[in-house]
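The following block contains the structure, expressed as C-alpha cells.
Lettered A, B, C and D in written order, each chain numbered from 1.
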Amino acid sequence: MSSTYHGQLTVSIFGQSHGSAIGVTLDGLPPGEPVDLDTLQTFLNRRAPGQGDWSTPRKEADRPEFLSGLLEGRTCGAPLTAVIRNTNTRSGDYANLKDLPRPGHADYTAQVKYGGFQDSAGGGHFSGRLTAPLCIAGGICRQILARRGIAVGAHIAAIGGVPDTPFDPVHLNETALLAPGEKPFPVTDDSAGTAMQTQIAQAKAAGDSLGGVIECAVLGLPPGLGDPMLDGMENRIARLVFAIPAVKGVEFGAGFQCAALRGSENNDPFCLVDGQVRTKTNHAGGILGGITNGMPLVFRAAVKPTPSIAQAQDSVSLGRREEAQLEIKGRHDPCIVPRAVPCLEAAAALAVYDALLEQEMRRVQA
Amino acid sequence: MSSTYHGQLTVSIFGQSHGSAIGVTLDGLPPGEPVDLDTLQTFLNRRAPGQGDWSTPRKEADRPEFLSGLLEGRTCGAPLTAVIRNTNTRSGDYANLKDLPRPGHADYTAQVKYGGFQDSAGGGHFSGRLTAPLCIAGGICRQILARRGIAVGAHIAAIGGVPDTPFDPVHLNETALLAPGEKPFPVTDDSAGTAMQTQIAQAKAAGDSLGGVIECAVLGLPPGLGDPMLDGMENRIARLVFAIPAVKGVEFGAGFQCAALRGSENNDPFCLVDGQVRTKTNHAGGILGGITNGMPLVFRAAVKPTPSIAQAQDSVSLGRREEAQLEIKGRHDPCIVPRAVPCLEAAAALAVYDALLEQEMRRVQA
Amino acid sequence: MSSTYHGQLTVSIFGQSHGSAIGVTLDGLPPGEPVDLDTLQTFLNRRAPGQGDWSTPRKEADRPEFLSGLLEGRTCGAPLTAVIRNTNTRSGDYANLKDLPRPGHADYTAQVKYGGFQDSAGGGHFSGRLTAPLCIAGGICRQILARRGIAVGAHIAAIGGVPDTPFDPVHLNETALLAPGEKPFPVTDDSAGTAMQTQIAQAKAAGDSLGGVIECAVLGLPPGLGDPMLDGMENRIARLVFAIPAVKGVEFGAGFQCAALRGSENNDPFCLVDGQVRTKTNHAGGILGGITNGMPLVFRAAVKPTPSIAQAQDSVSLGRREEAQLEIKGRHDPCIVPRAVPCLEAAAALAVYDALLEQEMRRVQA
Amino acid sequence: MSSTYHGQLTVSIFGQSHGSAIGVTLDGLPPGEPVDLDTLQTFLNRRAPGQGDWSTPRKEADRPEFLSGLLEGRTCGAPLTAVIRNTNTRSGDYANLKDLPRPGHADYTAQVKYGGFQDSAGGGHFSGRLTAPLCIAGGICRQILARRGIAVGAHIAAIGGVPDTPFDPVHLNETALLAPGEKPFPVTDDSAGTAMQTQIAQAKAAGDSLGGVIECAVLGLPPGLGDPMLDGMENRIARLVFAIPAVKGVEFGAGFQCAALRGSENNDPFCLVDGQVRTKTNHAGGILGGITNGMPLVFRAAVKPTPSIAQAQDSVSLGRREEAQLEIKGRHDPCIVPRAVPCLEAAAALAVYDALLEQEMRRVQA
C-alpha cells in the first residue's frame, strides 16, 4: 500500500505535491470529540514553510477544508476527511526528474517502482508536503490527548553539531515540554537555537543543507499502553515516525547510548513518589516490554540533510544510460529539521491515541 | 493485539516462556516453496542459549514441530504452524515478580496492563524466548529469499565499547555478509570478538551485563521494494525489529550520523557500474523514499544490556506499596547481543520477503 | 471502523449525504492502469437518480473530481482520491430525525451509537448516496478487469413478485451479461421490466415502496481466485455487498435453493469442453471451497423496500419517550432496486480484482 | 490469506484434515476472562461427528490442548492457542483426488490454485474439520458474552423440505433460544426433527445427501454495535459465516422475503415496551444501517448437501484430460446441517463479541 496506517484509527493519506490537492481520511475517532480549528491551524503553521531564513520562502497556506466527519465543531462518528488544495502551478522545474534523478530523493526508486507512470512533479506522493495531512490527523489526536491530560511536545535536539539542552527524562514538566513549540525556532535553549541558525545560514550560503536530531516526549501517559512484541509503543511510533520522509533513525530512551552501558547503569530502579510507582532514571524512555510505565515517553529521530541542494551533483541519465551532472533549481529548505518538529509530535500523538483507544477496549472486566 | 504482524504475510506469535509451548503461524506463503529443516535448525541454533561463556548455560533444544502448512518438505498453501515445547518446569523462581517487579523488565507494565492475570513465569509472553518463533518465520523467509539471490546477514557491530569492522555499505559481498553468522561469536573481525568476550566476562564477573549494537544487511535486492510513507522499508523493518524485546533504537544507512552531515556529503551520487544504476556512497542504506534502490540495504539496532543482573536492585513492592530490594536468581545471559544477531536477520527477512511479495502483485501490466 | 475495506486494495469511503462532499480513496492500484473517465461517468450515471418514474426526481450530477492518483489518464501508483460535491443545501427536512427516528432507517441506531453527535441530515454517512463513491472505486476496477477479459454485469432478478429471466449460469455470454446494464431499466426481459415498473407505479401511488432481488455475474474469471475459509470469494463479495445499505441477504449459485436439493442434484459434475475443465451445471455459482472454478460466478442479493414512504408510520419520540406518528417529507425512490444494480457490480468488481491481485502474488514459483 | 480474521480479535485458523493437528490462535481477548473448559467441550461436542444416524460414524474426540493464553482458567492477555491432534492416520482413501476431483468439493480449485502442492488428504485445509478450531474460538466468545447477558443460539430451520418452527423474532426468549442446542438433534419442534431424520435416512439409503437451512439468533444485545457500510453487523457476520465450507447463502431478518414486501409491510414500527425503544415487528433482524437496534439479531444460512455421496459421479482426470467416473469411498455425513448449527453460533459469537469490544473503545467521552 502507499500511505495507510491501520490501527484502531485508520489514517489514509493521499495526494501529490503538484496535484489538485493533498489530504487525509481519519477513520475511527469516537463521536463527540471537539476539534478546535484555530488550535489545529496554529499547529499546522509550525510545519508550514516561509517562517524564517532557515526554510524555503515559498508561502503555502496549508488551510485544510473539512469534507466530512465534523459537525458543529465535533467529530460525528463518520470518517473525517480534510483536504488542502495545491495552489502551486505545475512548473517545468521537475520536467527532467524522470530521466535524471536527484541524489537523495525518491526520483529513481519511484521511476523503477512505478515504471514511469508516477507523478514526479515536486516529488509527487514522496514530497515532504505530504506531512501536512499527517499533521492534520496527528494534530486532532494531540488535541484529544490534551483534554485527557496527555501532552505531546518536541524540540530540535541538534543541528549541525550544535546540541540543544535535552529534555529531562525524569522530571520533565508540561511547561518545559511545550515551550519550544511556541517559538518560531523550536528549541529549549535559545542560544543554542541561534548557533544552529548560524550553521544553517552558512550551509545555505555554501549551496548546501543540514540535518539534525529531534527529541519528542509525551507526558501524562497512564501505564499500560501498548502491547508486547509487534505492537509495542516502539513499534507503533517507529512505524509512524518513518513516514516522515527524511527520518533515517529512531531511538527510545537511552537508545543507542544504552549499547555502551552496563545493566546496572541502564536499568531504571523503581521507586515510590507520592505513592505512585516511578523509576529513578528513565533510560527506558517510559517503555518496558513495549508498554508505557507511566514515566515520560521519550524518543529521538535522526533527520537527514535536505537532499535538494544548489550545488551540482552527479547523477545518471536513465534514458541515455550515461552519467550526467544535475543542478537542482527552485527554492528549498536548507534545513528541514525545524519544520519536522511538529511532524514528530503528530506521529507520536497518533500512535499514543491509537494505543489509548485500544487499551480502553481490553481493560479487565472480569 | 499482542503479537501479530499483518502484511502480505501474517505472522502470529504465541506462547509464554513457561507455558506448554511457544510457536508461530505464518500465513500467506506461496505454495510449493521448499523448506529445508536442517538449514532452519542451523539458523535457530544461532539463537539458542548455551553456546559459550557469554550466554546462559540453560540448554533448550528449540526444535520446532510443524503442525501444518508443510507437505513433503514444501509449503502447501495452508497456514504454516510450528511449535516448540517448553521443557522447563514451572519453577518458583518467578513467584514474586508480580509483587516485586524487576527493573528493566516488563513485570510492572504487564501487571498494570493485565491486572495481575498475566503469566509472569519466565517473563511470560514478554520473554526473549518468544524470538524463537520469530526466527522460525524469518528463517523460512530467509531460505526463500536465498533461492532468489537475496542474502540476509548480520554481525555484532559493538559490545562494551568494542567495535567490529563495519560492513562496507557499497562493496559488501555475500561471502563477507554471511561469514559472521557461521561463527559461534558472530563478528567480522575475530580479534574484536575476543575483546568483546573479555568485556562480557568482566561484566559477568561483576554480576552485571552488557548491551551492544548489531548491524544487518541485505544483498541482491531488486530496486523498487517498499512503499512511500507508512509502508516504506524503514517502517516495515523497524516495526519487526522492535519486536525483539531488547531493541531500543534502529537506524538505516548513516542513520544518526547523517544528522551531522551536510547534504553534499550525505547525498549518494548516482553512477553506472556495469551498466547498472548504483550510488557511489550508501548513506541512504539502500532506501530512498522508503523504496529499495538496488544498493545493499543496511541498518543497525541498539540492544540494551540484559536487565537480569545478579546485583541487588531497587524495586517497589506493589502489594505493600513500599520500596524494597530485589535479587534476581537463576541463570541469565550476561549479554544477549550475540543471540540477537539471527533475530535481526529474521526480522529483516520477513520484511523484505513481505515487500517482495507485494511488489509482485503491483508490477506494471498496462 | 466506519467505511474502510482492507484487502490488497484499501477502499476508504467518506462523506455525509448533506456534508460538503462524499468521496473515496482507493489505495493499491498498480501503476499505469488507464482510467477512462467517460466510461466511468456512464457507469456512475446508472446509479444516479432521476432516470425514470421509478426513482426520485432529484437531480444529482455525481461527477467525481479526482484529487490524486491519476496522471494523464492513468494510475500513478499513489492513492487515488475522488470526491463528489454535495450541492443539496442543508434543508430542514431532517431536523427532527434525531428525536423521531424513521422506521427502517439508521436514525435510531445512529442516535444510540453516536450519542446525538451524528450528522443526521439526509441520513448522514448512512445515506444510500454513499454508494456513489463505492461505484467510483468499483467502476475503476471493472474497467481494469474488462481489459483482462473479465466482465461484470447484473440485472434486476425480481421486483414486486415479477421475475426477470435469470442468467444462464452455465452458458451465459458477455453480450447477455452486459445487455441489461445498457438499458435505463436493467432487465433481460423487457416485458418483465414493464410489469415491474407497473408494480412500482402502483406502490408509489399508494405512498409505498418495493424491494427486489438483483442477480450479478462475473465472466472470464480464471480458476484459482479466492482463499479457503475467511477469505473465500463468498466472504469477500458478501462483505462488500452488505455495504450497500438496503441489502439484507446474499446467496451464491443455487443459494437457498440448494438447501432443498440432494447432493446428487446439487453437485456440479465436471466435464471437458474444448479441452477445458468445466461443470455441467453451476449450482456452486462458480465457487468451490471459496475459490473460483472457472465457471461463471453468480450471486444474488435481496434488496429491501425503500424505508422512506409517504404513509404515516409509528415511531417513538426519543426525547419525550413517548410513541408518536411520523410522516416523511421529501422526494424518495419508490424502489431503489434499479439504481442498486451497478452498486452490486461495483462490489463484485472490487472483490474480484482484489482477489486477482492477491493471486498474482502467490502463484507457484518454486 | 488463508484463514485469518482481523478485527478487534484476530482469529487465525490452521491445520489440514490429515496433518498433525488443527488449531486456532485467538488474539485480543481481554485479560482475566474465565474460560470454562467443560462448557467449551460441551459446545465442541455438538459439532463432533458420531452423534446419530445422521452423521458419520467416525469418532473424533476433538479435545483441544491449550498451548498458551490461559492461566489458571483465565485469559492472561497473551494470544490464546489451542490445538486438536489429528488421530486419523493418513489413509490411501484420498490418493487420487488430485487427479480426479470430487464434484462439489475444493479438490479441483485447490489443484489449480496450489499447483499440486496442496495437502489433499481428507480435503486438507478445506475440510469441514477446520470448523472445530472456529468453534473453539467462537465457543470462548460465547461464554464471555453469556456473562454479559448476551445469548447466542441456533436451530435447524429446514432439512429436506421439512421446516422447524422458526424463532419468534420479536418475543424470542433465552430459554427458547438455547433449547435446541441442548438436544442431540437441534430443533425447536421435535416432531419436525423426527421428520427431518426420516428424510436424512432416506437420502442416506439412496447413497445421497441433504442440505438445509439454519437459523441463528442473538439475544440481549445492546443497541449500537456495528458500523456503517463495510463493518456493519451483516458484513461481519456474513464474512464469518461463509467460513463454514458448506454455506452458500446468508440472510438477515426477513432476508430474501423482504424483496417481495412493500415498505409499509417491511418497515418495523418503533414502539415503547417498559420504557425501552423496541420495534413491533423485526423484519430488519435487529440491524438497521449495520448497527444493532436492541431487538433480537436473527439470520439464516443456507447449507448445501454434503458433496461426498456414495453414488458414482462424473468427473475429469486432470492428468489424462479425459472424462471419468468417480466413486467416493469412506464414511461421510449424509447431512452436515445438524453439526453446522454450533458453527453458526460460533461465527455469530465471534462477530458480536468483536463488535462489542470495538464499541467499548469508541463510546462518547467528550
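FYI, a contact is a pair of C-beta atoms (placed from the backbone, for glycine too) under 8 Å apart; a residue touches a chain by one contact, two chains touch by 3 or more.
Since the structure is predicted, the reported quantities are computational estimates derived from the model, not experimental observations.
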item	value
Taking each chain's C-alpha mean as its centre, the one farthest from subunit A	D
Between A-C and A-B, the pair joined by more C-beta contacts	A-B
Geometric centre distance via CA averages, subunit C-subunit B, whole Å	45
Cα-centroid distance, subunit A relative to subunit B, in whole angstrom	26
Cα-centroid distance, subunit A relative to subunit C, in whole angstrom	39
Touching two or more other chains - residue numbers and ranges from subunit C	1-4, 6, 13, 28, 31-32, 74, 77-78, 110, 113-115, 117, 125, 228, 363-364, 366
Subunit A to subunit D touching residues, read off their complex	8, 28-34, 74, 77-78, 147, 228, 357-358, 360-366
Residues of subunit B touching subunit D in the complex	1-4, 6, 10, 12-16, 19-23, 25, 27-28, 31-32, 65-69, 71, 74-81, 83, 110, 113-115, 117-119, 124-125
Interface residues, subunit A side, partner subunit B - complex	1-6, 11, 13, 101, 103-106, 108-110, 112-115, 117, 125-126, 130, 158-161, 203, 206-213, 223-224, 227-232, 234-235, 238-240, 242-243, 245, 247-272, 275, 277, 279-280, 283-285, 288-294, 302-309, 311, 313-316, 318, 321-323, 359, 363-364, 366
